[in-house]
Amino acid sequence: MNNLLWLIPVLPFAGFLILALAGKHLSRVWVALIGAGSVSLSAIIVPIIGIGFLSHPPATGNYSQTLWTWMQVGDFNPKITLFLDALSLVFVFVITFIGALIHIYSAGFMASDKDYSRFFACMNLFVFSMLLLVLADNLLLLYLGWEGVGLCSYLLIGFWYENPVNGYAARKAFIITRIGDTAMAIGLFVIFYQFGTLAIPDILTKAPVLWHQGASIATITALLLLAGGVGKSAQLPLQTWLPDAMAGPSPVSALIHAATMVTAGVYLISRMHIIFQLSPIAQMIVAVIGAATLFIAGFSALTQYDIKRVLAYSTISQIGYMFLALGVGAWAAAIFHFMIHAFFKALLFLAAGAVIEALHHEHNIFKMGGLKNKLPVIFWTFLIGSASLAALPLISAGFYSKDQILWYAWAAEGGNPLLWFIGLLGAFITAVYTTRMMILVFWGEAKTEIGHRPGKLMTVPLIVLAFFSLFAGFIELPHNFGHFRLFSDLLQQVLPETILKAGMNTELQFQILALLSTLGGIYLAYVFYYKQPQRIEKLKQSRFVMNLYLFWFSGWGFDKLYNTLIVKPIVFMANVNKNDVVDKLYQGVTFITIRLYQSLSFTQSGSLRWYIMGLVIGAIIILSMQIML
Amino acid sequence: MKSSIEIVMLLAGLLFVLGIAGVIIRKNIIFMLLSVEVMLNASGLAFVAAGSRWAQPDGQVMFIFILAMAAAEVSIGLALILQIYHQHKSLDIDKLKEMKG
Amino acid sequence: MILIYVIGILMGGGLLSLLLGQWNKNLPRWIALCTVLVGFIAFVFFWINQYHTINLRLTNTWMIDYRHDWIPSFGISFHLAIDGLSLLLLVLTFFLGILAVLCSWNDVKERVGFYYFNLLWILAGISGVFMAVDLFLFYFFWEVMLIPMYFLIGIWGSENRVYAAYKFFIFTQASGLLMLLAIIGLYFIHGRNTGVYTFNYFELLGTAIPPHIAFWLMLGFMIAFVVKLPIVPFHTWLPDAHSEAPTAGSLILAGLLLKTGAYGILRFVLPLFPEAAHDLAPWAMLFGVIGIIYGAILSYSQTDLKRLIAYTSVSHMGFVILGIFAFNELALQGVVMQLVTHAISTGALFIMAGMLKERLHTRNINHMGGLWTQMPQMGAIGMLFAMASLGLPGLGNFIAEFLILLGAFKANVLLTIMATIGLVFSAIYSLRIVQKVFLGPSERSDYISDFSFREIVVMAALTLSIVWLGLYPQPVINTVKLMVNKLAHIFPPENKNVQQENYQEIPLSTHKYLVKK
Amino acid sequence: MDIVFYITAFVTVISTIMVITRHNPVHALLYLIISLLSISVIFFLLGAPFAALLEIIIYAGAIMVLFIFVIMLLNLGKETARQEKEWLKPKVWIGPAILSAILFVELFYLITIADVAPYNLQTVDPKTVAISLFRPYLIGVELAAMLLMAGVVGAAHIGQHKKMILHRFLKEEGRL
């Protein structure tokens, strides 16, 4: 089974190559077949390998397959090696499985787009890069995948390139993530000079030997890697690109900006967990960033009217939960939440895409409404997704994963009541905005006519994802409630077990609090948006509320802040210096030269007698010098 | 006969300076050419004097070369003067300022 | 002998096309194509032949050494030799030579014979520069490549060509004269020391020069090379020359002429004046970093497409100087990679700018936009090379920049971090190209054709090579390995941090440095 | 030194001054001939009889005749003299004269400070000159011959009388 490993990334890549080179000449059916088929094949191979991996665990705990040596310079010899262990298995599974579903969905969703083959080419390239990212054996290969997904994200956000706004959103996404990537690259340099290698297994074995607990070098390294993760995962302070990234087609938002790429930061941190463990400060910072992000993004989500932006902010917020979990040392919980989140967020985006398409590309949730009966499949799947997002107790998968994180945020070693409280508040807000969105979109009266109903290609993936959003949570149940630990047992091979603080055996209280906050949130939204919408109008009267609303709506003013502090000065500087101030120096030299020769050419009067006079004067001067000296 | 070269050199220098003065003062090209002849002569004199000082023929050889040069120069110069006079109806050097930079 | 034949063929081909250009307009380009093809094939075969022995050579880095007396009384000989670096750059020269001929195939309509004469003579000069190991001969070739380039820009350039040609000529000529002075100075110092007056590189190596004189001599060489490279603040000729030159001219300028500067530093400055170079290193690296960021910012503000790309060259060449003066194997390998990959990626961008100019009759990116609709192929390739230019992993430039930064990190942490920030800026300007040219609403309704077959061949060759270099750069690395190793070991291991090979010790030192910050 | 020398030197200087101050070209020419003749006497005194003869034959003879021809050809007479008188005003000549005077003073100073011992004058006869001319200086002689040749050809070419073309656009063509 080991030998098939290379097929997983190569299949989508082959799909990309075929579509990129010959996409023009292929019919739409073939394009869809190649595009979706290649990813689906990968998705089929993954369980085959996965079953082999689980049933006969290799002695080393991982499969690894070296394809070729990328380069060898002195001691620096990164190889193109694929590496599969429990952690990457989870990621590969999620990527290929959800990727395949989204590809199938896209075959229907994009059916009327003129750039059909370009879309699938980019999507395939994305799946390839993402797989490379999670299968990479060394950090350099990981970096290749890391930048590759950034490129694909760029290409797909700007997919409808005729509108310059999309192009700028794409550029913003790429550049902001690039800032993080740059920090990460510096992190790679530090790691290389510390360990003499970039191979992840070697680093992880050498790190505890060479560094002592709490070493400042460990903190620096961890923070640099974290910066990369923060950029890619749209966490504070580099979160501003993700809402704008919604300019891309909905399947793109589902696959890249919800399910997979944005969780690359989570993958990176859990992959390099040993370095983070060596630095409690860095880990603390991870948790704080996560908590702050989930808090800020939650409030922003509350105010958005574009359905995709609501979901985008909710994505930022949910990834904040994952960071929070990573930060407090609940490694498995973070990955678990990643998986569940991938299911329900992909589902939500796909369903939102279907709604948007049905309503003639209407994004504004205030112009939707009453879709409950008109689009039943969409309604039910969206409902399931929302339930999972809001962590509706017991029946939704999201509950199990989020509850675990909340519990660890208090109880795990790195946990602390404040983090827990913010998490709880976040859960409450999540419930509020999710319910708000549900009510505005599906209840009430219809404000826009339905044009186009989704076909089978689109509904089937929705149903499959809805199934997983409901039931995937049962593979990992809380201690006091079944205590079923399939998922964390699997990850135990790679990630350390979460250590609880002493004397924590009251998980039930926390579960009840979480439950209450969710239900409270749902009730609040129900009251404000369904029962008594006039209350909102009343609130809008208040200036303070309106200002707060605008502040949250703009994403806490981060865009404006960056614009005035960083973007504008640089652009101003660049434009002022457009003609290159250094060149002025040389122009000055030429100017002086020209002036000099102009004044000297005045002596060139054409009068022979003047010239002879000059000769005489010259002779006099030379002779006087002779006399003087 | 005892002799001193200084006085001859002084004479050559004086003639040379007079030639230069002629070239600068006069506006008529013919006079300028005449003054140039004076200058050439002065340098010839210096050569011959130097040759005689060391009792070597080289000074005279140089004088002969100067002579040849002067002959060529005069023939070309006079031909030019003829042309200039035909074209400009004047021999005023100041009217010929065409190479003004 | 292959070396002298190749130069002979180039010069002969140039003369032939000049003469036959009088009769027939088509003949010169075929002659030029055949000439460069012959050279390319010869060197590729030679490379393949040598490749398996490259790893076996342990001491002698030189593959061919041809020597013939030229002016024996001054110690000048016609001395050509190549090692891995020269070979690599020669292959690159002929590769780009082919592309240059191809991309001026229909471009040039007047004085065709003279055009190809100049083109081939530039290539001859560049090849000569890469081969010459006699300093006098080196200077000779250095000038040979300069003058035809002057004509190329001055005659076939666009509107402001005369100004650009002058500027190019004066900058490079003036700096070249400084080098000549330094060469002569070196010649006399060596002659006085040993009694043997010679321009032979091998004999001049290891000349004992008093430090303060060595510094000035090195500066003479350095300025010539740095102007060619170019490094801020000597870069201002580059945007003008690039934007006014014809497409093939820009291609050769960016792809090859700039490389001669880096080659000169690697071949002459470091081996001849190791101590002086060592003293200069922090400053050179600083200027490299300034160049990286300054070039990138300027590039962002340009509206002329070719000017924009020219400033990206400034930025990329900053990496080269940063890597060279890091003095370690990683960085030097990165530098060599950067030379090759920058030639390919920037060359491709210039070719594309030329194609756009041909179709749209403008270089102003504000007048472009939305071209993807009409030319998806060019859009895709343009995107690819913009990505290469911003250093996307998987493409050659990434390997180069990563190795340089990795190597430089060992030498100077702070400057490397600043240089790495340059990567963000490179993303900004590269994406601006894509955004302004290919994306956005289409401004034109008239038909614009996508690639022709000839253009597909050109771009495919470039694309394949940049991807190849990105995924399997080992052939290039192996070819220059010996030369780079030798260079990296020139420097006295006085500085433990720099030369230490044992990783056990490094954590402490790096650690200390980082903590201090 | 000989009294003869001083007299001749005096004559030379006076006649040269007359050359550069006369208004009538023919008068100036005559003074120049006197100057040349007296220089030839000085040559003779310096023991260079060959040079003295050449001075008389070629300079005073041949070259001066050329001048006379040209002056005749151009018909420079009273009109020119009047014009010269107009041109030669103190305002014009005082500056150059001062400059020349300074130059001469400098020359004078430089020549007199060089303390040269008196020497015995020896005659260098034409034979020695001829031997020297045709042995070590042969190349110079040939070059001088070529120069004269070029002078002849050049004079013949330049001296051709070209017609002034009166068309206003082509006026330039008619010039030299």
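Labels for the chains are A, B, C and D, by order of writing; each one numbers its residues from 1.
The criterion applied here is as follows: contacts are C-beta pairs under 8 Å (C-beta built on N, C-alpha and C of every residue); 3 or more make two chains touch, one makes a residue touch a chain.
What you are looking at is a predicted structure, and each value in this text was computed from that prediction instead of being measured.
Seen from the Cα centre of subunit D, the chain whose own Cα centre is farthest off is A. Of all chains present, the one whose mean CA position sits nearest the global mean of protein CA atoms is C.
Taking A-B and B-D together, the pair of chains sharing more C-beta contacts is B-D.
The distance from the centre of subunit C to the centre of subunit D, with each centre set as the mean of the Cα atoms, comes to 64 Å. We define each chain's centre as the mean of its Cα atoms; on that basis subunit A and subunit B are separated by 93 Å. With centres taken as mean Cα positions, subunit C sits 60 Å from subunit B.
Between subunit B and subunit D the centroid-to-centroid distance comes to 4 Å (mean Cα coordinates, whole Å). Shown for subunit B are the residues in touch with two or more other chains, namely 20, 24, 27.
Annotation for subunit C: no residues touch two or more other chains.
Residues of subunit D in contact with at least two other chains: 96, 99-100, 103, 107.
Pairs of chains meeting the touch criterion are A-B, A-C, A-D, B-D. For subunit C in complex with subunit A, the residues that touch the partner chain are 232-233, 235-236, 239, 297-298, 300-302, 329-330, 333, 370, 372-373, 376, 380, 383, 387, 390, 392-394, 398-399, 402-403, 405-406, 409-410, 416-417, 420-421, 423-424, 427-428, 431-432, 435, 438-442, 471-474, 477, 501, 503, 506-507, 510-511, 514-515. Residue ranges of subunit A in contact with subunit D, taken from their complex: 613, 616-617, 619-620, 623-624, 626-627. Considering their complex, residues 96, 99-100, 102-103, 106-107, 109-110 of subunit D touch subunit A.
Within the complex, the subunit A residues that touch subunit B are 601-609, 612-613, 616.
By the touch criterion stated above, subunit B contacts subunit A in their complex at residues 20, 23-24, 27, 32, 93-94, 96-101.
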